[in-house]
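Here come two complexes built around subunit A, the first alongside subunit B, the second alongside subunit C.
Right, the complex of A and B next:
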């Protein structure tokens, strides 16, 4: 059997020990970590530099834009005030109640045998109101005439454009008589209360 | 664990010459030698400050470059012993030997680099016989190890393994003659310049290693007094009687020790050695091989480690290689150790 002696084993062991020297490996490790930190530092330095450049650019842009922004803010305040004013005006206009068409229709619906002596209205909202009609009805049956007026107002006033509720507040026989069409007829005094609710579509101004 | 290389260079760092070979592994059991170099050196060339340039010059003249280099060192200070110890992990045994050298190795070894390998393994497995195990202990002075390592590092040829020359020669014999190595008893005589090494093995196991202070220098000094220096080996090969007698008398110092080693081995084990395998510079001379056979009354054979290797080198080098092959066994053993490393 061949003999195997190797007189280099001490040198090889020493070489292996040198290669595995903990101090050396530790130094390699520390150097590696320091290099990593340095690399990270330079990376962050580059990133920070880029960010600072961007910041500087943005500051320059901001310096150029700031007066315009200030002016724009002032202008926006002015416009906001104008818009608020305009909105108020529009709101005011849109919330108006048009008495004239309603009174015109009431005028057309009142027959010649009835005299409206007093009319008063109270606005409930932009789309609703209450109207109080006081008057004298003349006829063979004056109460019937007054009732006919109340019914007519409830059904024909605002035909299709809203809803009207009518009720008598008072209906009494009058002490006086009235001359209508050459006939002297008894009278009744009435007070009708109309509750008007317009439909949602606003009329054209 | 590093993978086994397919190309290795083995270097035999001797005291008088350094040699190198390039070996390739081309398959599980196919190897090729593609280059070799041999350079005579003196003590100055092996000084620490000159060693790197000496090896560089050798490798430069050989050419080729490999990832794995193994140097086998021949040194007077080298330590090679066989000891018996209770089964001990090699790492522990190394430390034990270093700290307790005088008791276990009969010498102080604190300044040595030691390594050990268990010997009595059967097919790589531990045998079950007895508590004690045989270990081969090899060592070199720490300064020598560091010098060789530094020299190889300085020429950018990193050393993979450092081995002792007798161990490399033993491994080379296993590579060259596996059947004899595994099934017979054998004795290897490696004749160096300053001294020779006798290695006895039985069925794959190393049982005896000893160094004899006789080498080429002793023979040369004996012969040059009878012939001019340039002609001495030529005349010896031609059978010049005076030179042959002188060589026989000179070789007696070696053959006597080899004979006593054989006697020691055969006296302790019931095995006989039938042939002596000779290598080294002197093994190039057939006259000297014959003289050894006559003196030892046993057949001697010059062997080289490249019997089963393909030779892939230029034609002009092949003749030189054939002549020097017996001198390159240690370098081959060093290289083959890397190529067959598990």
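Right, the complex of A and C next:
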């Protein structure tokens, strides 16, 4: 058997020892970890950069919108005030109480045997008023004539467009007699108070 | 494998270096970046509702701008119907002429009260007047009243008193209290 001698034994041992140098292996490991960390850092840097760009876009948009918004708020206030004023003026006009139709109806409902001597009307609200009618009723039974007027006013005045309450403030026998249709009849003096309340829908102007 | 003292020192040094690198990485690179991102996200979250509100406000104002011309035209029409100058100068002659055209004599027209028309009508004043009409027939007065209420929309009659005329039994004297809106 031939003798096998490895004359490079010492050199190879030294080489192996160098290859297993823990510092060198550690440095390789650290470099690898650092590279991973750097990769992750750049990934995060890219994401953050995107967010910052988006933020800058929003800031630019806000910088452009903010003065317009401030101006728009002031203008909106101005316009709202104008619209409200116009609407309130129309509401005032449309919700007025119209006296003429009421007086016309009263004129039609008073029979020839009654003479109205005084009318007083007071506006209570946009939809209501009180009216006081003073007059003389003539008839065989003058109080009945006055009562008939009171009930007629209560039921027929406004004719479904509101509510009328009527009551006597006074009803007395008259001292004088009246000539109605060629007949001399006894009289009564009355004061009727009407409380008029229109329905909520305003009349057409 | 048995580590020599020299190798142990080298491993310890490498570990120390790694720790320093980790500290520096997190403290000087990653954390500031994360903080920057978080701050940016928070600011964006604050900005988005503001932007939405601003856009909403602009849309609202645009909608109001579309409504406004009709309201402005209405107001202009109302204001154009009110003569310029002091109402005490133009209102009594205007009413005298009005009743004269209706065939009614107005005995006097007096201003009794002047006040703001209220918070809902800030550009108006409300004036109260007492008008005395003499020797007017019931039907004639009714027609005049209807014309007044229809032609003068800013007038509201508040009180009416009709009493027999002393000079002519066929006619009445009328006292009216009315208010009208005028420009401030």
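One rule holds for everything that comes next: the second predicted complex is superposed on the first by the 116 of 205 C-alpha atoms of A that agree within 3 Å, B and C clash if a C-alpha of one lies under 4 Å from a C-alpha of the other, contacts with A are read in each partner's own complex, and residues count from 1 in each chain.
In this text, contacts are C-beta pairs under 8 Å (C-beta built on N, C-alpha and C of every residue); 3 or more make two chains touch, one makes a residue touch a chain.
Note that this is a predicted model, so its numbers are computed, not measured.
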Let me test your reading of the model: by the given contact rule, A:88 touches which partner, first (subunit B), second (subunit C), both or neither?
second
Partner chain in contact with A:59 - subunit B first, subunit C second, else both or neither:
second
Go through the superposed model and pick first if A:48 touches only subunit B, second if only subunit C, both, or neither.
second
May I ask you to decide whether A:156 touches subunit B, subunit C, both, or neither, giving the answer as first, second, both or neither?
neither
In the superposed arrangement, does A:4 touch subunit B (first), subunit C (second), both or neither?
first
Kindly classify A:123 by the partners it touches after superposition: subunit B alone (first), subunit C alone (second), both, or neither?
second
Counting residues of subunit A in contact, which comes out ahead: subunit B or subunit C?
C
So subunit A touches subunit B in one structure and subunit C in the other; where do those two contact lists coincide?
none
Subunit B contact footprint on subunit A (complex, rising order):
1-11
Using the touch definition from the top, list the residues of subunit C that touch subunit A in their complex.
1, 3, 7, 10-11, 13-15, 17-18, 21, 25, 29-30, 33-34, 36-37, 40-41, 43-44, 47-48, 50-51, 53-55, 57-58, 60-61, 64-65, 67-68, 70-72, 74-75, 78, 120-124, 138-139, 141-143, 145-146, 149-150, 153-154, 156-164, 181
Subunit C-facing residues of subunit A, complex
20-23, 26-27, 29-30, 33-34, 37, 40-41, 44-45, 47-48, 51-52, 54-55, 58-59, 61-62, 65-66, 68-69, 72-73, 75-76, 79-90, 92-93, 96-101, 103-104, 107, 117-123, 205
Enumerate the contact residues on subunit B facing subunit A in the complex.
73, 94, 113-117, 119, 121, 123-124, 136, 138-140, 142, 145-146, 149, 159-164, 167, 170-171, 174-175, 204-206, 337, 340-341
